[in-house]
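Structures for review follow.
Each of the next two complexes has chain A plus one other chain: chain B in the first, chain C in the second.
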Partner chain A sequence: MTTTEVAPAPAGRGAEQPAPRRHASPWKRRAPLLPALIFTIAVTQIPFLVTVFYSFQSWNLVRPGSQYFVGFQNYIDVFADSTFRTAMLNTVVLTVVCVFVSMVLGLGLALLLDRKFTGRSVVRTLIITPFLILPAAGALLWKTAMFDPVHGLLNFVFGTDIDWLSAYPLGSVMTQVIWQWTPFMTLLILAGLQAQSKEVLEAAQVDGAGRWRTFASITLPQLSRYLQLAALLGAIYIVNSFDAIYLMTQGGPGTASTNLPFYIYQRAFEGFDVGQSSAMGVIVVILTLIVATFTLRLMFRTFDVSGGVK
Partner chain B sequence: MAIGGAVTPGRKAKWAIIDIIVVVYALVPVLWIVSLSFKTKDTLADGNFIPRDWTLQNYADIFATDEFIRPLINSLGISIIATLIAVVLGMMAAYAIARLDFPGKKALVGVSLLIAMFPQISLVTPLFNIERELGLFDTWPGLILPYITFALPLAIYTLSAFFREIPWELEKAAKMDGATPGQAFWKVIAPLAAPGVFTTAILVFIFCWNDFLFAISLTSTEASRTVPAALSFFTGTSQFEDPTGTISAAAVVITIPIILFVLFFQRRIVAGLTSGAVKG
Partner chain C sequence: MAEVVYAGASRIYSGSTPVKAVDQLDLSIADGEFLVLVGPSGSGKSTALRMVAGLEDVDEGEIRIGDRAVTDLPPKDRDIAMVFQSYALYPHMSVAENMGFALKLRGMSKEKVRAKVDEAAAMLDLTKYLDRKPKALSGGQRQRVAMGRAIVREPSVFLMDEPLSNLDAKLRVETRANIAALQRRLSTTTIYVTHDQVEAMTMGDRVAVLKDGLLQQCASPRELYDRPANTFVAGFIGSPAMNLAKLPLSEAGVTLGGFTVPLDRDVLARAGELSEVVVGVRPESLRLVGDGEDGFDLVVELVEELGADAYVHGNAGEGQRIVVRVDGRTPPRLGEKVRVGLRELGELHVFDPQSTKSIAQSSQPQ
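For the complex of A and B:
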């Protein structure tokens, strides 16, 4: 048995391999990509189809047997719901402000960390600490250590007596999110800064370009790809902010700091209204896809551009 | 331009002050919570930065029951398994994206990025129902599966950025010099790819470790509840007893190892981003 199998193998290898390699079928080339792709699509899209199905059902878990087809009624209800609109607005404000502020801070920090100074690696690690902390712990940390009216550091420092989380709920949440995400931006932008070739920077210096000129003409264009990546990834995760709101304010007071993910969670796991929360889930997916398409187009264009320059 | 001038002592001092301010900004909440975790219940609210009465009671409290240790084990196990699988699958995909050319590559990359942006919240309810049907609810695989899914696009994206920077001609050059394909890969390409794979693994691990939404909706008991979800139950007792000290101690326990971990590997992470390209 062994001999019959072993014998043809070397011959086959020698004779056949060059040919298929040259004309390797596209599917063979795609093969390494497929496990990941099939897996992610299965785990995300099957539940999503279920969500779509639920969104056309009237279904409340507390009332058994209440499940029946209602068409678009859930969607009509959702758009008529003023809490939904508040949550939507809060989500947009939270995302835009947090991405922008943390990117500006991140750029500043990255420029700071890119210089050589004693203890740089320690400072760098300390600065990225907020990103490494469990977001849930970070949220609790700000809630108990910073904003708390009794133990809070803010009141202690400012000598005030404010219950920050009820006075400025969204602002407080945003402060925590920015604190959490600035290091992420810093790391990405720092990676961009360090990827610059030192020769080019030295050449610019030899040619008499000042620090600002070098920054504006060489560093910034090179960095744009990293800035966009930072903004995109930051936005994806900040839109989905849930931990901070769940743990710090529970969306309150009232709905002052409710964002979409939290409102959907509330409707599903506290209100048991599967139909309406699924309808909101579908709406969020559609809005995300619209934004994501634009972002992706921008990304691909950037990569093509940088590829062309190289 | 005068701005690009020489570094004077005054300028150095100015930068040093800026550095200190920045570190304080990043660290004050952490230091404050470390301080709170060592305070006794009576001195919690005294506003002193350095505890007047040092106590280890808060730490003893969290390790006294399974309430904290079990979730810690769950978190570590689930995150490590999910990271390993995501990085292996991600490496295959990233290799295809970085090295091979085939029609529809861009579309496939686009699809994987879209999945990364897919709002997790819209999947939680169906996953909850599906996992209950399949018996996966409140088990390790029940969390590992969604974690791999959402970590994969991150892994693919980061890895293919790294792989694209690798000078693959070196592989060909090594083969011309008489190396076998295996040698060419393990001696030339693998060392260049290792920092990228390592960095990706760290990012993916942190991503899984940090998840809160799935952890809180897809678990119900200590069988699979992870640390973030367990932490939220710490606050639940607040009506009867002030949990600030315990929460602080728990936050310190789960934060410090991660900081040490990254402090230990971070030279490799950040340097890995640059040295591979420069030396190659």
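For the complex of A and C:
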């Protein structure tokens, strides 16, 4: 028995304890990770720091010799700029509406696809197609084939005579973005639906739940984590929408469909104002971080609730 | 409380060659009876159960619960409760919500639901866990929640689809006894599906043996064991399985390895022109005998020691494999040649080799 062996040994002898692990140089163990780490820092953190540095400079490329330190002046100018505020509002509207509508459509399509019918795989492929098309190609397609006032399909179908892109610029852009992102939502939600246990649904039927009740009480709560994931991923991508706006409306008419990425692009590459566009970039990063942190925290809380005690 | 009747009920899976998962099942389960459906996988036992639940269509015939024909009713209108193999608990609801879900759907008041759930929880020893989510429960507790969910509804029929197969062996034996006791106490008609013949034998008032969608025999466990209707039932019920051998038949009886067992005159008469019959003898009906006695020789190939008993697997010549139950303390050794005789001359089962049906036992048990 172990007790009889241990008892005679003098207590507190270091030799009894397992030898403390030799402190092999930690850098030797981390070395294989370093190339990736250095690369990541080089391509993400250094440009960010340079941007922060630029944001404290007054620097316009078309005025030679204009580069000097101005402190927070750029930030003050940006917040005083009404176009920046319009662009911010547009970004919020674009993101919230597009994520919400494409999720609702995606849920509906996923429910339709989550059943057996002939030609199901063909239909599924067709529904996914918009997501596979290059965003720029999709934007051009909508601009020329759908929204064009003279030979666009929309006017042909509705028998109207509207120049959609100038009458409803933000709405048109949102339509294209929703068209592009609905398949993504459909796929995610379909995965969630198919991950459901069939027996649980049958149990609900036996317990007396009709189709609608089963959906509301059983399916939807189980889908919640998939819906959250879809909302987060969708929001991250849609906040950064650029192609559709650049190709369809150029942010116009006026600034009616300008969002933040497009406005920053305009100020940097059309206005050549390095200082102010850097300041805007930094502001956007900070705002995104705040929103993302809150969203993630909310998500993890919900995950814990639905996951129960581990 | 109600009786359940299958009247020529079939379930046909369409396809290039339609498969009859359940073929013209005629079976009636009396009010308050515990019926076990047993069979190997693919025998249609689960399908038959799900037909009562309304989760499978009935393609031919009819199913009645009480005096109502329920063939075309949706599951929610059939007044049944089902316990699933995976338990199928609602993962986002607490134990209490899981158990009260059906009552809530019926529009019962909150206090009444709570009272019913508390009552059932006390019966199943779940009171401590009412606020937990299924994820935080052990397998046995989840199984009890699934039972509780069925009990609170006070349905006219319980349907159980292999409810014990996800439990470990010890818990299974314990829960087996609890379910049987609970059913006696509630005396609710119960249909129980299992592939485990020990569960079938120990729990059921009657056991229905299915194979390939066809009902082979439906009788009390004792009757199934003592008088199997055909070779399939004979081989399926009992562990280890009954020894079945095709042996030549003569006026004197059947012969194996020079050992001739006389058969009853009635059996010989019924066997008629047959030159061969299938003879079945259970491992416990055989015993080891001394050299001089009547019997046949067996070369030992495997000994399974179970403590009280040991099972000797051996070869009786001509590739005939035989299992014998012997005393656990003095089992023969591997490769040894032993002599095996019958414990009682009467404990033979005789079957027709063509139809596999029983020609009756050589002697009728008292």
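Going forward, the second predicted complex is superposed on the first by the 264 of 310 C-alpha atoms of A that agree within 3 Å, B and C clash if a C-alpha of one lies under 4 Å from a C-alpha of the other, contacts with A are read in each partner's own complex, and residues count from 1 in each chain.
Throughout what follows, a contact is a pair of C-beta atoms (placed from the backbone, for glycine too) under 8 Å apart; a residue touches a chain by one contact, two chains touch by 3 or more.
Worth saying up front: this structure is predicted, and the values here are computed from it rather than measured.
Novice: Could you classify chain B and chain C on chain A, in the superposed arrangement, as clash or fit?
Specialist: Here chain B and chain C can both sit on chain A without a clash.
Novice: Does chain B (first) or chain C (second) touch A:210, or do both, or does neither?
Specialist: both
Novice: For the overlaid complexes, name the partner, chain B or chain C, with more touching residues on chain A.
Specialist: Of chain B and chain C, more residues of chain A lie in contact with B.
Novice: Does the superposition put A:93 against chain B (first), chain C (second), both, or neither?
Specialist: In the superposed model, A:93 contacts neither chain B nor chain C.
Novice: Who does A:199 touch here: chain B (first), chain C (second), both, or neither?
Specialist: Touch partner of A:199: chain C, not chain B.
Novice: Taking the superposition on A as described, I'd like to know which of chain B and chain C A:50 touches: first, second, both or neither.
Specialist: First partner only, chain B.
Novice: Where does A:167 make contact in the superposed view: on chain B (first), on chain C (second), on both, or on neither?
Specialist: neither
Novice: Considering only the touch criterion stated at the top, classify A:76 as touching first (chain B), second (chain C), both, or neither.
Specialist: A:76 sits against neither chain B nor chain C.
Novice: On the A-aligned overlay, A:124 touches which partner chain: chain B = first, chain C = second, or both, or neither?
Specialist: In the superposed model, A:124 contacts chain B only, not chain C.
Novice: Would you sort A:284 into first (chain B), second (chain C), both or neither based on which partner it touches?
Specialist: Touch status of A:284: first partner only.
Novice: Aligned on chain A, what is the least Cα gap between chain B and chain C? Give it in whole Å.
Specialist: 6
Novice: So chain A touches chain B in one structure and chain C in the other; where do those two contact lists coincide?
Specialist: Shared contact residues on chain A (touching chain B in one complex, chain C in the other): 205, 209-210, 213.
Novice: What residues on chain A touch chain C, complex-wise?
Specialist: Residues 197, 199-200, 202-210, 213, 217-218, 221-222, 306-310.
Novice: Would you pull the chain B residues touching chain A in the complex into a rising list?
Specialist: Those in contact with chain A are residues 1-4, 15-16, 18-19, 22-23, 26-30, 32-33, 36, 44-45, 47, 89-90, 92-93, 95-97, 100-104, 106, 108, 110-127, 129-130, 145-146, 148-149, 152-153, 156, 206, 209-210, 212-213, 216-217, 227-229, 231-232, 234-235, 244, 247-248, 250-251, 254-255, 258-259, 262-263, 266-267, 270, 273-274, 277-278.
Novice: Quick check on the complex: what are the chain C residues that touch chain A?
Specialist: 53-55, 74-76, 80-82, 84-86, 88-92, 101-102, 105-106, 132-136, 149, 153
Novice: Along chain A, where are the residues that touch chain B in the complex?
Specialist: So the residues of chain A in touch with chain B come to 26, 29-33, 35-37, 39-41, 43-44, 46-48, 50-51, 54, 109, 112, 115, 117, 121-138, 140-142, 144-146, 148, 150-151, 153, 156, 179, 183, 187, 190-191, 194-195, 198, 205, 209-214, 236, 239-240, 242-243, 246-247, 260-261, 264-265, 268-269, 274, 277-278, 280-282, 284-285, 288-289, 292, 295-296, 299-300.
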